[in-house]
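You will see two complexes here that share subunit A, one where it goes with subunit B and one where it goes with subunit C.
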Partner chain A sequence: MSGELDLRPLVPAIIVGVTGLVVLLAQAFTPKDRRAPSAPLSLTGLLAALAAVWLLASGGGRGAVLANAVSADAYSLFFQALLLGIAAVAVLLSPSYLRANGLDRGEYYALLLFSVVGMLGLVSSLELVSMFVALEIMSIALYGMAGLYRSRMESQEAALKYFVTGAFSSAFFLYGVALLYGVSGSTSLDRLEWAVSTLTTDSAALALLGAGMLLVGFGFKIASVPFHMWAPDVYEGAPTPATALMSAGVKAAAFGALLRVFGSALHALAGEWQPLVASLAVITMVVGNLAALAQGNLKRMLAFSSVAHAGYVLTALVASPGQAGEAVLFYLVVYGAVNLGAFGTIAALSREGREPLSLGDVAGMAERRPALAAALAVFLVSLTGIPVTAGFVGKFYLFNAAVTAGWVGLALVGVLMSVVSAYYYLRVVVAMYMRDPLGEDTWARVSPSATVALALSAVITLVLGIYPAPVLTLARIAARSLL
Partner chain B sequence: MPSYLPIVILGAIALGFGVFVLAASHIIGRPRPDARKLSTYECGMPPVGTARERFPIKFYLVCMLFILFDVETAFFYPWALVMDTLGIYGLMAMGTFFLVLAVGFVYEWKVGAMDW
Partner chain C sequence: MSVLNQHLLSVLIFLPVVGAVAIALSRRESETLQKILGLVFSTAGFALSLLLVRGFQDVAGMQFVERGRWIPAWGISYAVGVDGLSLWLVILTTFLTPLALLGSWSSIDRRVKEFVVFMLLLEAGMIGVFVALDLFLFYVFWEAMLIPMYFLIGIWGHERRIYAAVKFFLFTFAGSVLMLVAFLVLYRTAGVGSFDLAVLVAAPVDPALQVWLFLACALAFAIKVPMFPFHTWLPDAHVEAPTAGSVILAGVLLKMGGYGFLRIAIPLFPEAAVRFAPLIGVLAVIGIIYGALVALVQPDLKKLVAYSSVAHLGFVMLGIAAFTTTGLVGSVYQMLNHGISTGALFFLVGMLYDRRHTRLISEFGGLKAIIPWYTAVFLMISLSSIAMPGFNGFVGEFLILVGSWPFSPTLVVLASLGVILAAGYILWMVKRVFYGEPTNPKNEKLPDLSLREAAVLVPLVALAFFMGVASPLFTKRIEPAADALVVQVQERTRPIAAASLGPVAPPRASRADPAEAQR
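Coming up: the complex of A and B.
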């Protein structure tokens, strides 16, 4: 047993996990009047893990290890690099926000790193129980992060709601795993793929029920309608950099696992689950966008926009695994950068427990803070999906995948809803550029680390909009290892 | 059936011990009841009354720590049984598990979770 022990695919997750423990100990051993070096430590750990992903990738990745439970194939490595990048940007956004809100403790960073361990595991699991354990590692750390702002009622509410709905969705997921185990006699995705391609009438019902349960479980994590109720409250209540991590990272990790299970293992049942996914996509896009129209609070508006974007991504799932994979992977990169930027701008301006949450707060920002207003405008325009930004290219590939698969109506709903979304995204841009400021500018000066994070997000958004080819190629290679 | 005999014996001993202790305290004990002793739990929160009151959070902290370390031992017992067959691999795996828990323990000690 010891001779075959190959932990190399786990090295990125191990590095992040050990860094989390170090951050925790550093906080415990730092005197009360001093500040623990949590952010630099976390950033170092995440970059080291990124380097490990790079080394694994340049070595051609690794096959499945630990009884076929995890692998470092191109698909895993693509997602791991994306998730580590998202986490690193979230860490860059954190110190100034935490200080401005009196939350600056190492536990925040430790929880962040532990949730990243779960995300990394989620996208590299080839087996449903490992996937479930990873899902829980990610979620439990995030429940804690949501409730970290202890002096705010909304944060308490966020933690409790997230925990209750999260536990509920875990039960669905687990029940689905149990039913699929009943079909295939194994929790491994390989065996499952083989079992669903040789179904009898009896076991077909069981497999469909199991697949449906899994879809509900994933539906909660990606916040698709009707499993989205928690998202606005949690996104609003959590500390803003944590919200950025949730909206970018959790969604990417959950879609990574969802695509591996449905696109690859359960592909033989595609004829059955595709209509279901398509209807989920339609109601998610419609409800998400219409609800976002009515929001006065920027964080809640972005939360509903994040719901709507889960719908856009779902539209691509009706295509063949390769094409769906390419479109989804590329879009998740775009979406990660854009959402980190949008939430990050709010977080970066936070001062003395307040942050800009209404249109009035950002009115006339272009005069006072031209660079910041331009960055936020880029993010919002990209969320709308207007050309020259990455959002356009991303949505183009998503809807193109749906059209190629013959789901023209589905793509049409997506396009129409994108037009609707222009109203609430561009309203903010209009307020920044065409309205006069209200009162004094009392917001914080953007800290150097937050500047780096926002600049990075903005540059990625623009570069991917103009020259998406390299990332698209990587996404295509990664998606190929699903087949 | 003979393989179940030890379980029956264990059950009998457990039952007998419980009866013996109760009987012994009934015969040789001198009861001096007071309100506190007669309450359902002799320690902790009043079991009857409104739930909407302030309570010491440390009570729950200790509970949580207890569960944490209780679960830890629950994992150690089965490992101890098959330690020989698992060999160095099992030792390393349990060592990692123990290390992670130990870090948690050091953390909670240092931040004062154990100070009553």
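Coming up: the complex of A and C.
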């Protein structure tokens, strides 16, 4: 270090943050009768940040900086690229949706970008307090996004609920950090790793309690049962592109941090926390899928499906950190593409404040909008986990990790719950392909930018299902840097 | 030519995919073009598949093998090949697909494009299942093929099509996910870092674990066959599916269950397979009798044919459970026969439905005088289905019964009862539908077979007859592979085999001697 301030690992986050400020300023300086170029600005910023990640990956700048608080190792860079990609697709989905719902304001994009800054920080923090700060940056921006519909009750409810449970979970997280500080005398993950590997029996209880608190905190963010209660309401109430970002991005970022803390820093305690994570995985898969069965509203159904998928991802955490890392990283890529696609389809059809939310709304879609129906069918089939979509490869990888670690029962619950999930995912396919349309097609024409977003998601879903090897290799390299 | 031969299997798998993509890109309105393209691609596939027969050597072991790296990190490769067990099943697939497309030329009148696309994708998936030599690849094809079938039933089926489609999907999906877990456990315990079937077969698994893995795989395959008591999805799926769907479902899809036992479950878990052989044999015979009895009382023609499938596939499973070379050859042969005769029966029932929009036996009677050509074809296929000597069904059932004698004479005797019952339900149905005086005035104007319908049926009838009289042409290709499988399993299970496998156990083997059996 030699006293030199190396900010290179922070460059992507800085670019995104500055773009957020520019978007706000552009909004302020645009005349009232004109539309501010918020979406193009945001997209440019995100792509520039993606380029910065690329440069970091190909050049130096990988060391930990800022007193070992932030790193640009392969693991962070993998996640940063993923999160920036997810955000870019969410931005592509936004303009037409916001216009259709009278929400076309610059704040939305600024909040989106600020939440991305938090996500980027979350996955690259090597220190618990930085991690907490990043978590809060992300969450506070999201509370705002959830409540963007100022006139709708559901949106207000979503924002308040998200805020209250979020604050609650932050408290757990902080308490966990404090307890772990008590064990190791430091908030740095390096020191923590060293401390937990040389525990005395007294401090072991403290460390476990701290780890448990952190798990609760993360549990809220990844929406695992029993910390999932906010998810359906928030996913339903928030603007749909923001929901897509929440389900794909927040989950990825939270899992990125969770894996870093538990897979690497607290790995010495794995024997203690693994049964806990395994039971969380089981109840999350069971409750998420069974609850999704009962949903009539598509956004709520996808929200519970997103809960269920958190459970699938948790199953892999019982494996060795390397293998768990690979499987989780790959899955999050798949999951991001698929969920953006699924929520994106709903968003893309939104018109005059309405969006297709019931099975009746999508009935007969295959005859009216064959391409769109085919894309949504691909996403749903992928969520079910059927070849030749990426969802199958992803689940295969997760369950393989669990089986390799000797947890065959977890994999069994996972596959059986996938069968349950087939029922509610296919219900949508049945409506689109096998039922006759109800009434006129009053949904919006899909805008060009949304078309790009959906096509991109669908192509990624299929390509990763057929030829996953390159991304698997990247995930493997990224996961190795955790060890 | 040699380049084509090296990649022949891949060409067979991916030609329909290329066709499907081409058709998907065509304009929605050009329906005739789509039908023609579908027919051209599937017929080309059939023509190319005949090259397999020409280049096939009558020896055990995989031929036309192709290997490519796919997901090296997990030891997954793209590996395909055929042997005597799979050769004819591939041909059956490429043979039935163009016929099914031709057969539904006029009965499918809406969303033609999607129909042809799904049919071609289905063909690709089915061929893939029969030629995959890597467990991962096998599973991918096995599951991927569910989707087009699901759409075929759900979109173009009859009144209760959605229920039937969802039931079909959930049943088969539930069965196969357990198989996936079994594959993962096998991958871990074998510790060879590969999903290659041959490599895994060579790595023995602890017999106690084998039981669980075998059961998981057997469940997937038993649902697909379907074996009693896992058959309940079949009548629904068959009755509700459009004709082409029923034909492919009965003709090819059900064969995947039996094939899965032969290719996956038995070679990988031989000790467990030998242990469960008696159970499978008993369930098979229950299926034969039960299927026949239920078929006997069906008022609906299509349901009758569907339940007859349960009975016929009982024979296939009996031959597999017996696990003698003769029994296995009979089973594979019977799978082909069932594909042809039941496929043809579904075509015939479908043609009648197209004319009258009912399938109730009571609505018909005395059709012989009105539609003589149709009646003639129906009668011949019926004879093939009830295993009349001179037709293909006889050869298959005979081989199975002879091959199963050493396994269990009791089961063979009971299964033979099933042959008689089959004659009963088929001939009784033929009598009620075709003979006597025309009873229903609505039937008086029924047109006989059109040229297109004849073009669909003639190849099937010809083949049913040809396979009945020239069976060695087919069986000599099956035999080396069946024999090799029997030997391979016996070597692995010698200690256990003495107790339960006929041919290597002296006391049972002597009972197999027909002369002694007579005494």
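The rule is simple: the second predicted complex is superposed on the first by the 478 of 483 C-alpha atoms of A that agree within 3 Å, B and C clash if a C-alpha of one lies under 4 Å from a C-alpha of the other, contacts with A are read in each partner's own complex, and residues count from 1 in each chain.
Everything that follows uses one rule, which is that contacts are C-beta pairs under 8 Å (C-beta built on N, C-alpha and C of every residue); 3 or more make two chains touch, one makes a residue touch a chain.
Bear in mind the structure is a predicted one, so any value in this text is a computation, not a measurement.
> So, A:477: does it touch subunit B (first), subunit C (second), both, or neither?
neither
> For A:416 in the superposed arrangement: first (subunit B), second (subunit C), both or neither?
A:416 contacts subunit C only, not subunit B.
> Which touches a greater number of subunit A residues, subunit B or subunit C?
In the superposed model, C touches more residues of subunit A.
> Can A:28 be said to touch subunit B (first), subunit C (second), both, or neither?
first
> Using the touch rule from the top, collect the residues of subunit A that touch subunit B in their complex.
Those in contact with subunit B are residues 1-2, 5, 21, 24-25, 27-29.
> Which stretch or stretches of subunit B touch subunit A in the complex?
Subunit B reaches subunit A through residues 86-89, 92, 100, 103-104, 106-107, 110-111.
> Given the complex with subunit A, which residues does subunit C contribute to the contact?
Contact set of subunit C toward subunit A: 28, 69-74, 111, 114, 136, 139-141, 143-144, 146-147, 150-151, 154-155, 161-162, 165-166, 169-170, 173-174, 177-178, 180-181, 184-185, 187-188.
> Which residues of subunit A touch subunit C in their complex?
Within the complex, subunit A touches subunit C at residues 366-367, 370, 381, 386-388, 392, 396, 399-400, 403-404, 408, 411-412, 415-416, 418-419, 422-423, 426, 430, 433-435, 467-469, 472-473, 476.
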